[in-house]
Structures are given as structure tokens and as C-alpha cells.
Amino acid sequence: MTKSKLNLDTDKIAKARELSKQITAPVQKYIEKHTTVAIERTTLRMMGADGVDSIGVPIPNMVVDQIGDHICYGAAKYYINALLKKGVTPEELNNEIANGLDLTKIDFVDFSYIEEKAQELVEAFATKVKANVAYRAEKINTYKEKENSPLLYLIVATGNIYEDVKQAQAAAKQGADIIAVIRTTGQSLLDFVPFGPTTEGFGGTYATQENFKIMRKALDETGEEIGKYIRLVNYCSGLCMPEIAVMGALERLDMMLNDSMYGILFRDINMYRTFVDQKFSRMINSFAGIVINSGEDNYLTTSDAVEKAYTVTASQFINERFAYESGLPARLMGLGHAFEMNPDIKNGFLLEMAQAQMASEIFPEAPLKYMPPTKYMTGDIFKGLAMNTLFNFIAKSTNQGILLLGMLTEAVHTPFMQDRFLAVANAKYVLNNMADFSDDIEFKKDGIMQTRAKVVLDETIEFLEEINKTDLFNAIESKMFAEVSRPKNGGKGLSGVAEKAQDYYNPFYTYLENELNIVKEGNKL
Amino acid sequence: MTKSKLNLDTDKIAKARELSKQITAPVQKYIEKHTTVAIERTTLRMMGADGVDSIGVPIPNMVVDQIGDHICYGAAKYYINALLKKGVTPEELNNEIANGLDLTKIDFVDFSYIEEKAQELVEAFATKVKANVAYRAEKINTYKEKENSPLLYLIVATGNIYEDVKQAQAAAKQGADIIAVIRTTGQSLLDFVPFGPTTEGFGGTYATQENFKIMRKALDETGEEIGKYIRLVNYCSGLCMPEIAVMGALERLDMMLNDSMYGILFRDINMYRTFVDQKFSRMINSFAGIVINSGEDNYLTTSDAVEKAYTVTASQFINERFAYESGLPARLMGLGHAFEMNPDIKNGFLLEMAQAQMASEIFPEAPLKYMPPTKYMTGDIFKGLAMNTLFNFIAKSTNQGILLLGMLTEAVHTPFMQDRFLAVANAKYVLNNMADFSDDIEFKKDGIMQTRAKVVLDETIEFLEEINKTDLFNAIESKMFAEVSRPKNGGKGLSGVAEKAQDYYNPFYTYLENELNIVKEGNKL
Amino acid sequence: MMIRPYGDTLNDGAVQMSFTLPVAHSAKADEAAILFGKKLGFKEVEVVHSNPLSDEFTFFVVYGKTEISIDYDKVVVEEVEKSLDFYGVNNFIKENIKRKIVVVGACSGTDAHTVGIDAIMNMKGFDQHYGLERYPMIEAFNLGAQVPNEDLIKKAIALKADAILISQIVTQKDVHIQNLTEFIELLEAEGLRSKMVVCAGGPRIGNKLALELGYDAGFGRGTYPENVASFIVEKMHERGVK
Amino acid sequence: MMIRPYGDTLNDGAVQMSFTLPVAHSAKADEAAILFGKKLGFKEVEVVHSNPLSDEFTFFVVYGKTEISIDYDKVVVEEVEKSLDFYGVNNFIKENIKRKIVVVGACSGTDAHTVGIDAIMNMKGFDQHYGLERYPMIEAFNLGAQVPNEDLIKKAIALKADAILISQIVTQKDVHIQNLTEFIELLEAEGLRSKMVVCAGGPRIGNKLALELGYDAGFGRGTYPENVASFIVEKMHERGVK
């Protein structure tokens, strides 16, 4: 560990953490009392519900639709009951559902059988996921020294999974450690997950379990060829947040974009829906050893990065707290931030460095996800390249964990294959050329950088205090984040939230709570 | 002034200076006893000898040829005698010489008349040059705050003075502070200065007085338009070193590439010739307030920049000493160095920064000239741009005086207009974005950078000690610099050196020695 | 006047290019890059750099010189080159239209990039240029992002819009063209096309393209609010709208 | 197989360009850049960036898509694609020529760039590849830089050279072509052309160009000593030199 450069007041950091705890507490209470259609579909998927009917409706959606209001009891028992009553495998059951079988029309067996079968299904699920975790751990361990530090993260975004594969494999060969398959515009607002391999997306490719599988296989192959474990990323975000988490757990994804508030603020998804969904999604990610990437960078695409830097830091604290509450350890928290200041600012580099260093000192165990310049990128690709160079410089010298490589054509098009190559080449050059720079310098006491970090931390605390006063729901409504207002009962997906019945039953949720040692808000005192 | 970052041992620095003094002392003795055809031609030019005959031979060359061996008495008295005897102006005399007049065929007037006329000519020359110095000082002062820091130095190299003008004016408008007109390949080996405007050069344009005038005028115009004083650079180097100095003094050039050993090592010009010429050239530069740029960067185009870093530092000390001996103050010493390490070196950035910082701490008053990467530039213009970005970063953070901007197409062609623009834009972005970075950091005690600087300084002293032991002439012969051997009596131009007679007469040399307070080696003790 | 690119000498025709070819890196690949350059009309082509991107792709940096030139005098731009400023626009409306005009804008389809349309419409504006909401003579309604074409038209009718502004940022697979075309067709189907000034904008949208798609004008990167405001009011005046 | 550039989809024909036009920065200039791109054969051309370089010049960054393609199967490279290594070359000489061969090299004319020819000839070599001086079966003479063509020929005769290597780095205004041509003419005038293997090299020298100028081969950027050594010995063998 490098010693502190910023000389931040540790009491203040503790204070911010305490405030976040207070801020998230009422939300946790709400979360515990509710389930959503997405959570139920997720639970169904964990048991093996999969596939689509003749018009493309996914089985989990069909089941949840059948259950309707009764999801307050949990969907699990309906599906398990059917399995038992019909004496079929999940695959067989899925077929029957596709052909019109209505699960609510089946009489219930004795609950003890359901519990017993649940045990078996939970185990089957857990075994699969644990095997994935073990496999990943072994590969990463074997190939450790080939990894870049920070890990180099590259996106593919052709819209066609097969083209994505080509580009991803090329990127991996060029030196990428992480490949993110960007998701098509609009998918986050779908209240179902499309099925099968897809070749038609705009600005990205549909997240489907089959696409995950195709890409996973391709990256494993290339990984073996070059002797490296290539991490795969997708989006655990939008109206299907937990469902995608479970698909990722099963297909051995390694990272997921997964933020506690992104959907609310940037996709106008209802806040209650989002908070409830994100918890379960994070429990799954945690169990599957998947690193989450939070989305603080998004604030800066609309707000000014200098003025609103504190919103980023505040959101990191909140994301951290929500993550802890979902059993996610710090080593899986890819908290986000970004290099988004106007390049014309005098000493902008120092402000960026202070911010990045601050994140790294406040969250020393978290593999921070550092996003490249996007907003101030223009068609001047040569200037863009220079900005990316300084960005890479800061990433290395502030010890970031995950380096999302900037594209010189950011303002022009989704990346060309050559753009990606140039980005990797640039990062490799910079990271190696100034490898130990950070260790070789100290920041001047009360200099520009120390002062800046102090100011931002103070502003963060002030902001968290305000939020705490009004409560998080009201804060979001009153435009305190990202300069947008999201009414509590507005946005998409609220109708998919249901209060849990007293005898709500979800063996997977319970299993994960135990596995992850999650103490319920209700049991805390 | 920023305080020391490297914590260098000041005794060692003093030691290196003392060694350089010892090293240059025997050379000074040699210099004092000799003159050269170039010095005599220079003296003639100072009196007004100019123009060419019908086949293009310059008047100063004709006169020196006529005088032959008698240049040991100095050419001045022949020219002055002719002026007096013929009662003509220099212009008229030049015409007569062009038409065949032989100065050695004219009887001498009484020497006191010559001395009196000399006084008048010296005064005329001095008045002109002083006016130039005053004009420059006033303009720089007026337009001070528009200057970049470091000053941005751009080259033009079309081979055609009129194209050069276009490109230079565009570069100035884009933000250049300094324009260097690169000289055509081969000119340094000509033992005469071409005449008139020229449009045919390879990789550069001929240095002629007319070309100087044309470019000076163009830059003055653009300067007035944009409210800035644009500095003009040329090459005071090669077999006509002092002649070009005087042309520059008359045409108000502001900087001159001028190194005490460059011609010897890189152009195979005889060492005695070079040492004698460089002294007079520097006296003129000093008098004209012209900043010299030494050529240490050239070592690194053939030697390895990591291994042979000490040769750069040693040469800086030697150049400094020679410059002092020519009456040149530190503020006019643009000592050279370069960013030429292999970009693949781990921590190469730190080594480069240590080297640049070291130069800046050892020569705090000198406006150091920092050269960009050239050797490791390739056709990969995108990588080249990244290297230039880090180079600009170091230039700013180590307080360099003169920043020679790197071209992304360095390995491809002499700069296109757009290449130059991209270079300025990059420098402006970097310099502004991390303006006060240097002030905001400290170097770790005994870290990589401090250690590196210490090692290089130690190696420098060791190297200077070796040179001192064998003497500079032998050191050059035995390949100690730039990995080339230059025999004492080898190379071009030795025949142009002559031992001064007892009554050698050069009123301009004497005038400058007095003006510049130069203590002769002979008078020192 | 015939013009061609300038590297370091007038008319040297020098151009820098970079591209990827779907072939393995080899001397043959370099040669292919040169031939491709020649086929584009370059006389001299140099591959100054090439390197593999994978076993099947190679990246090239190429410099070429061409004799191809264009006649600059014949270049026509249908661009609103001059523009009234904030005050000019308001005065123009007062004098010529004599009532407040209504402008409705959105980032339509699935496009969620609001920053561009906000720059044009919001109070605050962009780069020290006030947005349309601040114009006393304009009633501006910014519907935000991801607005379906049908909703946009409905809203425009309801608000009695004089002008509609559509922003399109995502252009991959020409999604913007599909979307912009659909909008115009819907508008025509409603018989409203001639009643409203309709402008498109976005970094990849040019005036030419917009005209081709049936819009009154298109606005690209670096547009300021007054540019489009000025176009709208002059167009309305030209059409005799009161 | 017809191929064209690949941006992010096979055959999209995407190319990045940058260039300067000798006109003032304006919307008209942007349009001129687009027209120029179209004239080069691009279907879609976007000026993604433009800015003034002075009152008379404008710089453009352009992306274009073209349908122009080339037939990769028909691409011919006259390149020494395979090459013996250090040991291979020495063995080849021992077995086939059975005596040491003499190679003379220089950077000729006014060109002072020695690093390239040194990389090929000096003991130390380049990038961990030994230079010709280190080859037991080669006697290598590096005459250094700025060697006039006449001197080089004289020296080659005196040393009984089997091969001559010429390096040319400065290419501005085609000075290398003048110089290389002059050399071959002098060599032919001396009646020596067919007696020696003559190679040219330098970063802007390709095999094609060298062949055109009458050389046996040309070697560009990234050449290693064994590449040219290998070529020389095989050529000598082919010519039946003993």
C-alpha cells in the first residue's frame, strides 16, 4: 500500500460512511418488505425456468404473469409445486408452460415437499455457480502475471454478437483484460430479457443468456490461447437487473454494471422498483464473485465535473453502503468515477488527479472503475488521444483497479477495431513508462491537490447531510442527483413492485442471505 | 523559484564546473592564438563586406582568398585601407571587389588612419546591433503576457523561403513563440554563405542574409498582427559559424543553434577550426542578445539515452564554460537536452523527468532547450502523439525554457502544416492542464528519480575527470563523445585556421572582448 | 479555383489516412494497402506503419499524394451562414410575426441523449448562448429524451407548435435516418408538414441530409440556439405565417 | 478475394483521413472537404472536425466509407518474404560460395543518417540481430555517411565488393531518387552493374521502387541484417558467383 498522499481527515471519511448508513437504512427497510416481478422471474430462472413461447415471451415472464398479484407469496412455490406434481424436469416444465400450462391452476402439494425440492434446486444452483467461481479463481491465479494493472477494459458494441466476438477476441489479443459487451440502446426499459443469439442492436448488443454463453466461450478460447483469463462484463441494470445477474452468474460473467440509482436517474425507472431489484441483483453478484461497476461517471455527462465532483463521491459512499447491505465485499466493488473535466481548465489535471487519488484513498480495497473522457471529446481525434494519454497517466498514478480505455473516436462512432487497438497501445505505453511514478512522488502539503480533495470531501459530507435530512427518496425527487427530478411514484416499473405477504417464500433469497451473512435491517437492533 | 526536488549535492555541481574550467583552459589558450578564414570573413561582414561576384562567390570569401596566408594579420586592415584609399563606401568597395579589385595590391595608409576608420566602422556596427537589441527588448516587454512558458519552438523546413514564410506565419498564429528555419542538408559543410533569397533546399532552406531578412519581416508583421514578439532561429554552426552569427546580429535573429563541439562530432569539421570559430560566434551572439541553443540532443540520436545520459550533462557543463569564456551570460544559454529514451523502458518517464529536472536545477538561469522524441518515433503517428504528450508534460513540470515541439510525423516527413498545428494544440493543452503540477509535488527522498539524478551526476563527474586527464582534444579523438572518433588534424576546414601574427589586428574582436568583459586566458593569473 | 490538399507545398495533394484491412499482417498486406490507396486516386502512397490487430486484421497508417482536386468556386453550401442573435431574433418576431411563437423539441425514438437538445432549448443554453426558453418571444417546450414520434406529434398539435426540433445523436446502422424518415411520414400523414417548420439536429446531421429527408433544415456540431431560432423565424416569415 | 477497409463491420469500407485545404475555415470549406472525399471514391463522408490553421488554410478530420475494393489474390509482392538467419547465411556461404564475401555499404550523397546502415552493418547490429560485421563469412566495410557516389564506387572496386548497400534516409523533393539513379548510372558506365549485388535501403524505400531504379532489391523500415544478407547470398548463388 502506498501511504496517503492527500492527508485526508479519517474522521471525516468515517463520518461520511456513517451518514450513508443512516441514509440507506430506511431504504433497506422498504426493500425487505417488498418483492418485484423481476425478483420473482429471477428466482424462477435460478430454478431452471428458461426459454420462450411461440411468440417470444420468456417463460419466467409467463409464470409471473400467471401468478399476478400473488407474487406477494413468491413465485418459487408455484414452479416447484408444478415440478413435483408433474414429476418433470425444469426443461420439461418450461415446455409445458410454453404450450399453455398455467401454474396457478395446479393444486398445491404439502409445503414440506416444496421445501425439500427447493433445497435440491438451491443446491443445484449453488453448485453451478460455485463451480464458476472456482474455475475463475483458478484461471486468474494461474495467469496472474499477464494481467495489466489497472486491468484494461475495452468495449465492443457492434450490435451483432458474432461481430462482437471477432472484435472481442482481437481486443483480448491486443492486451485487453476485460471485455464489456455494450448493450443495445433501449434494452434497459424492457421488462423481460430477450432470448437466444442476436444480431440486431443499436449502439450495442442485446444481453441474452445465449449471447453471454457465446461470448464467454469465445473469450475462454482466446484466453487459453494467449494464457490469460479474460473477464467478461455486461449490464445488470434496468428493469431486469436481478435476472441478468443470475444469467451472468450461470454463464460466468466476471463484472456487471450495477448501480443502486443509475436506473432511476438516467433511465427514469421507478425508484422503489430499482432499490428492491438492486439488492437482490447484488446478492447474486456477490455470491457469483462478480465485481459490480457503479455508474457515478454518468453524473458527469450532464453535470459539471468540477462543480459536482462531490455528487460522485457521495454516490460512491451510497453505492458502497447498499453493496455492503447486499453482502458484497469491498473487493467486488468497482466504484465508478470519471475523467470528465473540461480540458481547457487550468490545472484540470491536478483536479482530476486529486479526485482519483481521493477515491483510491477512501476506498482502498475497492477495484475502482475509472471512466475515460467522453463529454469533452470532439472529432479532433488527435486532441482526444492526448486527453486519453493524460487520463491513463492518472489512472496508473492513483492506483485505479479497472481502466476503461478511452477511444480517440469517442465523439464520432462506436469503436472501430483500430480505435480499440490504439487505446490499448496507448495505455500499455503509459502504464509501463510511468509505472512507479506514483510511488516516487508526494503531494505538497496544502497544495492544490490536497486542498481540492479536502474541499470535495467537505462538500460530500454536507451533501450527505442534506440527503439524510430529507431522506433519499425525497432527495431524488428534489433533483439533488444528476440535476433530474424523479417522482417517487413516477418512472417505469412501479407496477411490478409488490409488498411481500407474511408468508412470502423465496428459498433462494433466504439461502443467499445466509451464505452472504446479511443481517436484516429489521433484526439489527 | 521552485525549491530543489532532486536534492543534488551542490559540492558535486561545483566540482563539475571546476572540471569544465580546467578542461576548456587549454582550448582557450589555443583559441586566443588563432584566427580562421571564417573569423576574417565575419570581420569583413561587420564592416560591410557583402554581395557576390558574377559567379556567385561572396565578397568576404574573395577578400580572404586574396589575403591568403596574411590573414594572420587580420583581414580588417586590408578592407579599411581600401575604403580609405579609394574614398568609397563599403557598397562601392564591394562592387569594385566583385569586378576584380585586389585589396592586397593597394598600398597601406598610415595605421592611425586605419584605426580611426575602424573606430567609426565598429561604432556603426555596434549601433545597428544595439538598436536591434533594444527593439527586441521593447517588443518582448510589451507583449510579455502572450508568451507561452516554456516558449513553443516550431520548425519550418520546406526548402523554399517563401513557403517557409507561409508556414511560419501560420505557426505563429497557431501559438508558436519561436520559429526556426531549418537549414538545408549540406550547408554546414560549405565554406561560404550563399547569397540572396533561395527556393531550393533539401530538408531545409539555405541560411542567407536575405532569407533572414525576409523571414524577420514576415514574423514582425505577424507578430504585430497578433500582438506578440515572434523569435526567429537559425543555425550558427558549420564552417561559417561566426559569419552566420553576424548576419543574425544584423537581421535581428533571436536564437542560434550554436554548439562548441557539434560540428566536430556530427559534421566532421576539424576541431581546432570549430573551437576557434565558436568563440567568436558566441561573442557576437552575446553582443546581439541572441540565445544560443547547444546540441546535446544530438548525442542521443546515436547513443543510448539511458546509458549515455552523462555525456549530455557533461557537454552542458562544457558548453556553459565555453559560453562564459565568450562573454555569454547564463540567460542566453539555451543548453540542449532531449527526451530520447526508448518508450518501452519501464519507468522511462521517471528517468526522463529526473534528467530534465537535473538540467533545470544545475542550470537554473539558463533557458534550457528541450528536444522532443525523434529516434523512437515511428510511422505510428498515434503512438508518436502520445510520446509527445508525455514529453510536453515533462517540459512543463521541470521548468524548461524552450520547448521544441515534437511532430507526430517525425519519422515520416518534414512537418506538414497540420502537423505543426497539432503539435501546438497538444502543447497548449498539456501546459495549461497541468500548469502548476510541478509546484504541487515533491520527489520521494532516495526514490527512483533522486537516485537516477545522483547517478548521472556522479557519472558526469567521472567522465569530466577522464576528459580532463587526457585533455579535450584527445578525448574527442578517442571516441569519448557520441561514439565517434575525430582525429585532431582530420575533418573539414583545418586549412582555414591560422596562427595569429604578433600584430594581428581585429578591432571588432577587441571591441567585443571589451564590451563583454572577456578576460583573456593569458591575462588570467 | 481548383484546390487540393496541402501538406507542405501548394497542391502537393498530401493526405493522411488510417484504416484496417481484413487480412493478416504481411508484406503482401502492406502492398494491398498501397494498391487500395492508389485505387482511391493517390499517385504516391506510402505505408508508414502497419501492425496486426489480430490474425485476420491489419492496421495501416498511410500517407498519399493525389492530383484529384475540386473546383472551390462550384462548392455550394445550403447553410444558414449568417444568423441573427438573441436580440435580433426577438425583435424579428415582434416586428414580423407579432406574437409569441411556439417551439417544441425532443430527442426522439430510443435516443436518450438530452444534452444536445438541452443546449438548444434550456434556459441556461450552451457556451454562454441562451437557450430558446430564455427568449421572450418564444414559448419553448423541451420534451426530453426517448420520445416516440407519435407522442411528439401529438404534443406538437396540442401545443400548437410553429416549429418542431428533433435531436438525433445515435447514428449506428443509420437508426437516425429511419427515425427521422418515420417522423416526416407521420407528419405528412397528419397533413401537418407544411404548417410547421421542422428542423433536425445532432453531431452527425448536416443541412444537406436533413433537406434530403424532407426537413426544412439540419444543424450539426457547434450549433447555437440563435442559429436555429433565426432560421425558424425567417422561414416562418418567408412562408407568410402570422 | 475482394477486400476493403473494415471499421466495425466487414466491408463497411471505413477510412479515417486528415488533410489541409488551402481555403479559409467556413461551412463552405467543410463542404469542400466532403466533396473532395467523395471524389476520392467515398460514398459517405463526414467532416468530424475542422479548424483554421491560418486565414488561408483549414485542417480537417474526416471519416468516409467507400465501396472501392481490391482483389487480394491479385496482389503481388516481390519481397524476400522468408529469410535465412545468422547461422543460415554463414552456412549458405560456406556451402555454396565457399569463400568469404565482401559487402560495402554507405549512406550516400549528402545524407548523414548513419543509424540505419550501422544497424545493418555494425558488429552490434540492431534489436538483438547481429550486424554483417559479425558474420564470419562476410567481410563488411561500412563507409559511413555523406559518401559521394564516385567515392563509393571507387572504394567498392578497391575492396572487390560482391555487394553494395546504399542507405538513403532523406527523401524530401525526391533527393533519394536522384541520388540512387545517379549511382546506378555511374556503376553501369563503369561496366560493373552485373558484377555486383546492389541493394538500397531506408525507411521510405520499398522493394518495388528499388527494382524500378535498377537495384536488385530494396529494404524498408524494420529490416534486419540477416534479411539483406540472405538476399545477397541467394542472389549471388543464383547468378552462379563463386
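Order as written gives the chain letters A, B, C and D; numbering starts at 1 within each chain.
Methods note: a contact is a pair of C-beta atoms (placed from the backbone, for glycine too) under 8 Å apart; a residue touches a chain by one contact, two chains touch by 3 or more.
In this text, all values refer to a predicted model and were calculated from it rather than measured experimentally.
Peer 1: Would you mind checking which chain's C-alpha centre is most distant from the centre of subunit D?
Peer 2: Between subunit D and the rest, the longest centre separation is with A.
Peer 1: Please work out which of B-C and A-C is bridged by more C-beta pairs in contact, and write that pair.
Peer 2: A-C
Peer 1: Measure off the straight-line distance from the CA centroid of subunit A to the CA centroid of subunit D, and report it in whole Å.
Peer 2: That pair's centroid distance is 51 Å.
Peer 1: Taking each chain's centre as the mean position of its Cα atoms, how many Å separate subunit A from subunit C?
Peer 2: 34
Peer 1: Counting in whole Å, what is the centre-to-centre distance of subunit A and subunit B, each centre being its mean C-alpha position?
Peer 2: A distance of 60 Å separates the two centres.
Peer 1: Of all the residues in subunit A, which ones touch at least 2 other chains?
Peer 2: Where subunit A meets two or more other chains at a single residue, that happens at 157, 378-380, 382, 411, 413-414, 416-418.
Peer 1: Mark out which residues of subunit D touch at least two other chains, giving numbers and ranges.
Peer 2: 6-7, 10, 14, 16, 18-20, 46, 51, 57
Peer 1: Subunit B touches which residues of subunit D in the complex?
Peer 2: 18-20, 51, 53-57, 59, 110-112, 114-115, 146, 170-173, 175, 203, 221
Peer 1: In the complex, go through subunit A and note every residue touching subunit D.
Peer 2: Going through subunit A, the ones touching subunit D are 157-158, 160, 163, 167, 378-382, 409, 411-418.
Peer 1: Can you list the subunit B residues touching subunit A in their complex?
Peer 2: It is residues 343-350, 380, 382-383, 385-387, 389-390, 393, 408, 422, 425-426, 429-430, 432-437, 439-444, 447-449 of subunit B that touch subunit A.
Peer 1: Considering the complex alone, what residue numbers of subunit C touch subunit D?
Peer 2: Those in contact with subunit D are residues 3-7, 10, 14-23, 26-28, 30-32, 35-36, 39-41, 46, 57, 66, 68-70, 72, 75-77, 79, 81, 204.
Peer 1: Over in the complex, which subunit A residues touch subunit C? Could you list them?
Peer 2: Going by the criterion above, the answer is residues 157, 159, 166, 169-170, 173-174, 185-186, 189, 202-203, 266-267, 301-302, 375, 378-379, 411, 413-414, 416-418, 421.
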